[in-house]
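Down below is the structure, laid out as structure tokens.
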Amino acid sequence: MAEETRIGVYICHCGTNIAGVVDVGEVSRWAGELPNVILSRDYKFMCSSPGQELIAKDIKAQGLNRVVVASCSPHLHESTFRGACVSGGLNPYLFEMANIREQDSWVTTDKLEATKKAKALVAAAVYRVSYQKPLESLFVPMDPSVLVVGGGVAGVQAALEIANSRRHVYLVEREPSLGGHMAQLDKTFPTLDCSACILTPKMTDVGKHKHVTLFTWSEVESVSGYVGNFTVTIRKRARYIHEELCTGCGICWEKCPKKVLDDVFETGLGYRKAVYTPFPQAVPNIPVIDRPNCTYFIKGTCQACKKFCPTGAIKFDQQDELLTVKVGSIILATGYEVFDARRIPQYGYGRLANVFTSMEFERLTNAAGPTGGKVVLRDGVTTPKSVGIIHCVGSRDVNYNNYCSAICCMQSLKFAHLVQEKLGAQVYEFYIDIRTPAKAYDEFYQRVLKEGAQLIRGRVAEVTNEACLPGEDGKLIIQVEDTLIGKQRRIPVDMVILSVGLQARADAKEVAIKFGISCSVDEWFIEKHPKLDPVATMTDGVFVAGACQGPKDIPSSVAQGSAAAARVMSLIGQGEIEIEAATAVVDDGTCVGCKECIPTCPYQAISFIEYVRKAYINEALCKGCGTCVGACLSKSINLKHFTDDQLVAEMVGAMQTMKLFEAS
Amino acid sequence: MYEPKIIGFLCNWCSYRGADTAGMARMKYPPNVKIIRVPCSGRISPELVLRCFREGADGVMVLGCHIGDCHYANGNHRTAKRMAILRQLLEYNGIEAQRLCVDWVSAAEGEKFATLIASFTEQVRQLAPFVEIMQ
Amino acid sequence: MTNSIPEFETDSNCFLIIGSNTSEGHPLIATRVLRAKQRGAKVIVLDPRKNQIGHWADVFYTFRPGSDVALFNGLLNIIITEGLADQAFIAERTENFEEMKALVAEFPAERVADLTGVPVEGLYTVARLYATQKPAAILYAMGITQHTTGVDNVKSVANLAMLTGNLGIPGGGVNPLRGQNNVQGSCDMGGLPNVFPGYQPVTNPETIAKFSKAWSSSLPTPNSPLSNKIGLTVTEMISAAGEGKIRALYVMAENPMLSEADINHTRHCLEKTEFLIVQDIFLTETAQLAHVVLPGASFAEKDGTFTNSDRRVQRVRRAVRPVGDSWPDWEIICHLAGKMGAGGFDFVSPQAVMAEVAQLTPSYGGITYERLEELGGLQWPCPTTEHPGTPYLHKNRFSRGLGHFFAVPFKEPAELPDQDYPFTLTTGRIMFHYHTGTMTRRSKKLDSEARQAYLELHPDDAQKIGLNGSRRVRVSSRRGQIELNVRVTERIKPGVVFIPFHFAEAAANVLTNLAIDPIAKIPEFKVCAVRVEALSGTEHRGGTDHRSGESERRTRRDE
Amino acid sequence: MSERLTALRETIRQILPQVDGVIGLKTGPAGIVAPYLFKPGHPEMLDSLALWPKEPVPDTLKIIQKAYPNARLAIVCRGCEERGVVEMFKHAQVSLENLTLIGLQCVQEEALFCRCAKPYTVHARVTVGSPIAGVPDPLTEAFAAKSQAEKLAFWKEQFQHCIKCYGCRNICPQCFCNVCALEDEKWVETGRLPLPNPSLYHIIRAMHMTAKCVACRECEETCPAGIPLAIHFRLVARDVKEMFHYETGAVIEQKPPQLLTLEEGDYERSGLP
Amino acid sequence: MEYHNVLTTCPYCGTGCALHLQVLDHQLVGVLPAKNHPISQGGLCIKGWNAHAFVNHKDRLQTPLVRKGGKLVTATWDEALALIAEKLSALKAESGPDSIGVFASAKCTNEENYLIQKFARAVIGTNNVDHCARL
């Protein structure tokens, strides 16, 4: 004999958010008459401690075995109320939520209608909950090793945090050295400390850490498995240098006769050799041979490096290696790309010599950069007298990227400060809004204003060298509508800096598929919850940190690196991993082995067991999307917690209530 | 004129959040659609949609993530195929395909969600009540 | 049936279907009616319930259960007064027309409308359509016969067919649809208390002599004649067993515990039976009371013949061997007879039995297994091995000579609704089960289609009894009570309720009245008075009726 | 007809010694035809070999192969039956290994009877009879031309005759599930006749036949209510071909489309927003 | 590997539809309608389609049962038939043939019905033989 179903229903007022529109008393009274409902209450704030305690108390005192809370979106408080159920001794999956705020009180004008809709939604939840079953999670052992992808500041931070807790980290970086974009920067806002000075110690720490295995000049080839048990194949590209023999003495690149324009690190402003490290403080301090540019590889001659190498570390016959590592969790910190300013032709980048991008300017002003820190025009000698800095290039623009790139305002203000400090030149900043929301940011803005930078509010229409007014000859003229005075203005300057926005890496989508996570429309990786779970992803055991998730400044990236590390450490600390309980299962009594479901699974979680000729779902791989359920013709697959019975019951609850109102 | 009864199946990750977004922005829309949350629009079997009609629903909405934007990589590809066929089949049964709305709403598209609800409710209202055409 | 099933499709131009839920009870006959309709034939359905065939009939009326005779008399009267009767047929082939005419004159349409609930214009429509669209076939089933006036009803049907000359022609006739696959055959074979095989009366000395001679080796002494005393019917035997007059009952493949009216009475009687032998394939409700149970074989495990409704003798073939240590029923009887020392039961096969049947039964005279193998089926009368069989009866003369019109007075059913028992209960079959469910309820697919008994109740009545969204009711009659689910539906006439009788746990026959027809001894299953009370609190506002889906899957998996 | 029968008999006689059995049709008592497994030791059984009426032989193949997965079999199949075998293969219900297809080409009157667009085999290497061109399906065309209201009325009329015998599903070789959604009260109202409106029975079945129906028309033939069931299936098949470029039974390697991700152009052709 | 179809007559209603019992290695595996049969013409109702379903049901009686000490216990055929023969002979001798009643059956074959009425009339000596024709 089945246990009697005893449902408790709780209607939340949410202050006046719900109660101001929905007649919560009436809904509560009405819910009390629904089948199997033992008690029905309404309360000011169900999510408050007393509200939660009310549930726990009722479960014990009234012997409730199902709970329905009608309040806000389950995305906000489902876990809260599940917790309340657990503290009352009830399995969390015997709880169901009706969303009568976001989907009702906030969106419905007519109070009577809103109350009716609330009733239908509550009935739906009540009907559904009686079909819900207690679910127990599956536990799998957790491999304590971690893969970090990306050696920028976020990845370095995450790797250090984990390695310092004596867990092993495999850090994979695509470029020859760690450092990422931050290594290219000169000063960092708003403190103006030297970027390299604060970053390189961390890089070195990682590089020599006994709990870190570093794979630079490497990429992740493939990932399989699931949280706690990932198997990762890494392609270690041939450097043509024997890593153990190389001492990083630098003789090879000194001797290399081939100069190559460095368009990665030096953004095309400087040169490097065909054998090189991107910058002096590179970690590891081991060069790579740039095969497409190396004379040996092109013509078979030269071999200068090989001749001079004191340790015989040059190995022209080195091959790519495929290495397999086992890890329990993964942190993606693959960073961003800067917006390609050429896409906005009216700003003249690539056409007008003295239009620079923000990254170019970073290199110009950097003491370790191609000009040794001298800010000069493209001719290499002339010092600009006036500089125009254009904000939001490629950002907040319906034609390119809709979003705000978060760092450009501060970076532009930093440039203003540096220009004035180094050259004393006049600076114009062209902005849409100034956004300085973080600690000490606005103070920096005030300081730059005091230093005399001119801020002009308006989106720049055009940068041109076609003079038409006196004083414009030989200048770059910035055409803008100054929206504060409502006038068109032409500002002649010597140098234009385009504060280009940030965008997702070109291969972000590919990477996302490789790691089984998703991308937003803008191709940033999507976090599990934008507020409450910002570094986790939909795929258990895969986390994101830094700008790969969205535009971020350094402090935020570092914070996310740490946060992701903390999440990973917390997983490792558990020793075993709870797998999503709402997975799909095959009823092998009814499965006819038609294999329809197998290709539908986005996670390859379904296999065909040949000797019984039935489908089987690996619960650890299943993410609970239910696509297979929709495909199974014999209805032999059930998605736990979203069973057909539950969904139909929910629908019937809503429909019957609607029909009841229609009839009356 | 009558008040159409509509069931909406929304995927948890995009559309349901889109509905939340609309709510948070206090956008107003008609109360006719009752929302059922599913993990992915790929979970929605044609049977589920048809059962709504059997229960007397005047319209059914199936909303998922934009194609290419699915939280489960490509669950909504199947939705797109299944629902396209189902719509045809409804036509072949003499049931207006306009009663089945299949669309894509992202978490950010609160406004699109509200507009969609309003326009679909109107669209269904233009048709006769489902129970009536079945008599 | 006077006529053949295929004729419905090819010849009939009108169907009067009364007291038959053809598309559920005899689906493949309904197919023929449908095809006829699609070529233009008219379909008239009269029933207390709007059953499926009623939905697609050209003309459909509900009428009050038990008012059949009044209805027929009304129709006869209209046909006569409108001059639609087949005068030539009446003159040449019938007798006693005037007496009948005089009686039906007392049934003007207005009175009949009052008695039956069929509107006056409806009566005219039905009468005119039936009388003018020749050939017209009357199809009926237990809705006509299971009444205390069962014989009267059948006579009325015959009156109607004779009045319009619809007998002895293809596509016409009086066609009782047989509910069970071999009910025709067991009657043909003398499974009746008053006749030998081929309806040869036990009261006829010549017949007694013929069979005494043929069966002499089986008799206790070769010269002791067979009994010429008409025996008891099933219902009578059960009652006699209750009274101790019958001391032993040998029940072959029957389940009176579910099929008899007033089950409580039946149980009492069977429990009192001194020696009860039940031969069946399952431990039926009746077998559970037995002293000896003999395991018989199913249709798939034995050879033989069945005779269907249109008198067609067809083969049953053994496909697999009987399960366990069960035996084909014919072997059991032969062995038992042998054990009792009787001769004449040493048959090697059913084919050999049929050879003896053919010898002793004129209408089966030409039926042999060889012919059946070649031809498929043979419709009796088939007196010789050259005879092709008889698709329709009474071609040029009735078996008794002239067709006799009966003046049938109207009698109310034995039990009418009153203040205490305000509803009329009628029982019947549904598509998905067969008789007492012994076989069908053990078929997963059939049982999942309809796993519970239910009561059909008109919405107005639902309101009257204060059903108020509840889904369960208690139904009681003067004989007992059952609890079951309710289906509120406009298919049923207000004041009438319907229960399918297949379900042991809510057996409709706990309620039914054992009043029997004085001649045919058939109990009045189709009419009794009941009270219906709502049981509250189980389900809410129409309930969650998809729950059955889940439990269904669970059961299947458990198996 | 008899020429084809003789030729088929001869073909089977030659193949018989090389296999464990040949699935074909045999005439039984009273001239009634049923599927049969001809065995090498009994060539005399071929005397009662039959051609027509056709039977759902792919299902017979499934029954035998499930019990004898390694048996070497041959099957006499018409165009539709060959398509049936191919689709069942795609759903892992039959194996093409150890199977010889003996293609039987239909004649004009058979094609007309079935309103068949493809009355010929394409995969079978052994064939009997010469292939003829397909014939139009006037019933489906006439239906397609109806208005929405007419379509609704058409099915209401047809479906009220349905006696829910499940014959259409039972006889369909492509309906091979152990447990059928049509028997689940959750989806289809059980135990009600006539079917309520809308009944999900026929709609769900049509949905399940998407990219599976091979147009053999066995369902129509067995329907006691004479419902032209194939109309649904044929219209959907046309859509599947247009939207997803898939035809049942045509290409053995091609996977059923519904399960796969959208390909170039699929989405645009689906007509969704 | 034996597969064949056995043509037989449906055991349910009185229409007399033909069906094929599909037999694989002496086991029933399904039902196929008989296409050119004059009554059923290739069709069947749900009962006919499932006519084979109860044949191998676990509840099938497999041996004779005899009531001993109030309970039905398994017995051999010899035992059961001997008991019946003895008991019927004794009752017939004691109270006359009409103290015994026999039910023929509308579910059994013609041959069996013939035999049982012959048994009742000739061996027992009574016309107390009837079946459920009226039910």
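Per-chain residue numbering starts at 1, and chain names A, B, C, D and E are given in the order in which the chains are listed.
In this text, a contact is a pair of C-beta atoms (placed from the backbone, for glycine too) under 8 Å apart; a residue touches a chain by one contact, two chains touch by 3 or more.
This is a predicted model, so every value here is computed, not measured.
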Comparing A-D against A-B, which pair counts more contacting C-beta pairs? A-B
Average the CA atoms of each chain to get its centre, and name the chain whose centre is farthest from that of subunit B. E
Per the centroid of Cα atoms for each chain, what is the distance between subunit B and subunit E, given in Å? 56
Which whole number of Å gives the spacing of the CA centres of subunit B and subunit C? 51
Between subunit B and subunit D, the Cα-mean centres are separated in Å by 34
Quick one: which residues in subunit E touch 2 or more of the other chains? 7, 18, 37, 43-46, 49
Which residues of subunit B are in contact with two or more other chains? 46-47, 51, 74, 78, 82
Subunit D: which residues touch two or more other chains? 29-32, 163-166, 179, 181, 184, 186-187, 224, 258-260
Provide the residue numbers of subunit C that touch subunit D in the complex, in ascending order. 23-24, 27-28, 30-31, 34-35, 38, 51-52, 55-56, 315, 317, 372-377, 430-432, 445, 448-450, 545-546, 548-550, 552-553, 556
Of subunit A, residues touching subunit B in the complex: 73-75, 99, 101-104, 106-110, 113-114, 116-117, 120-121, 124, 513, 516, 518-521, 526, 538, 582, 600, 602-603, 623-627, 629-631, 635, 639, 642, 644, 647-648, 650-652, 654-656, 658-659, 662
Taking the complex as given, what residues does subunit D use to touch subunit E? 20-21, 23, 26, 28-37, 39, 53, 55-56, 60, 63-64, 67-68, 71, 163-167, 170-171, 221-224
Within the complex, subunit B is touched by subunit D residues 148-156, 181, 186-187, 189, 197-198, 200, 202-204, 206-207, 210, 231-232, 235-236, 239-240, 243-244, 257-262, 266-267, 270-273
What part of subunit A is in contact with subunit D in the complex they form? 589-597, 599-600, 608, 613, 631, 633-636, 644-645, 648
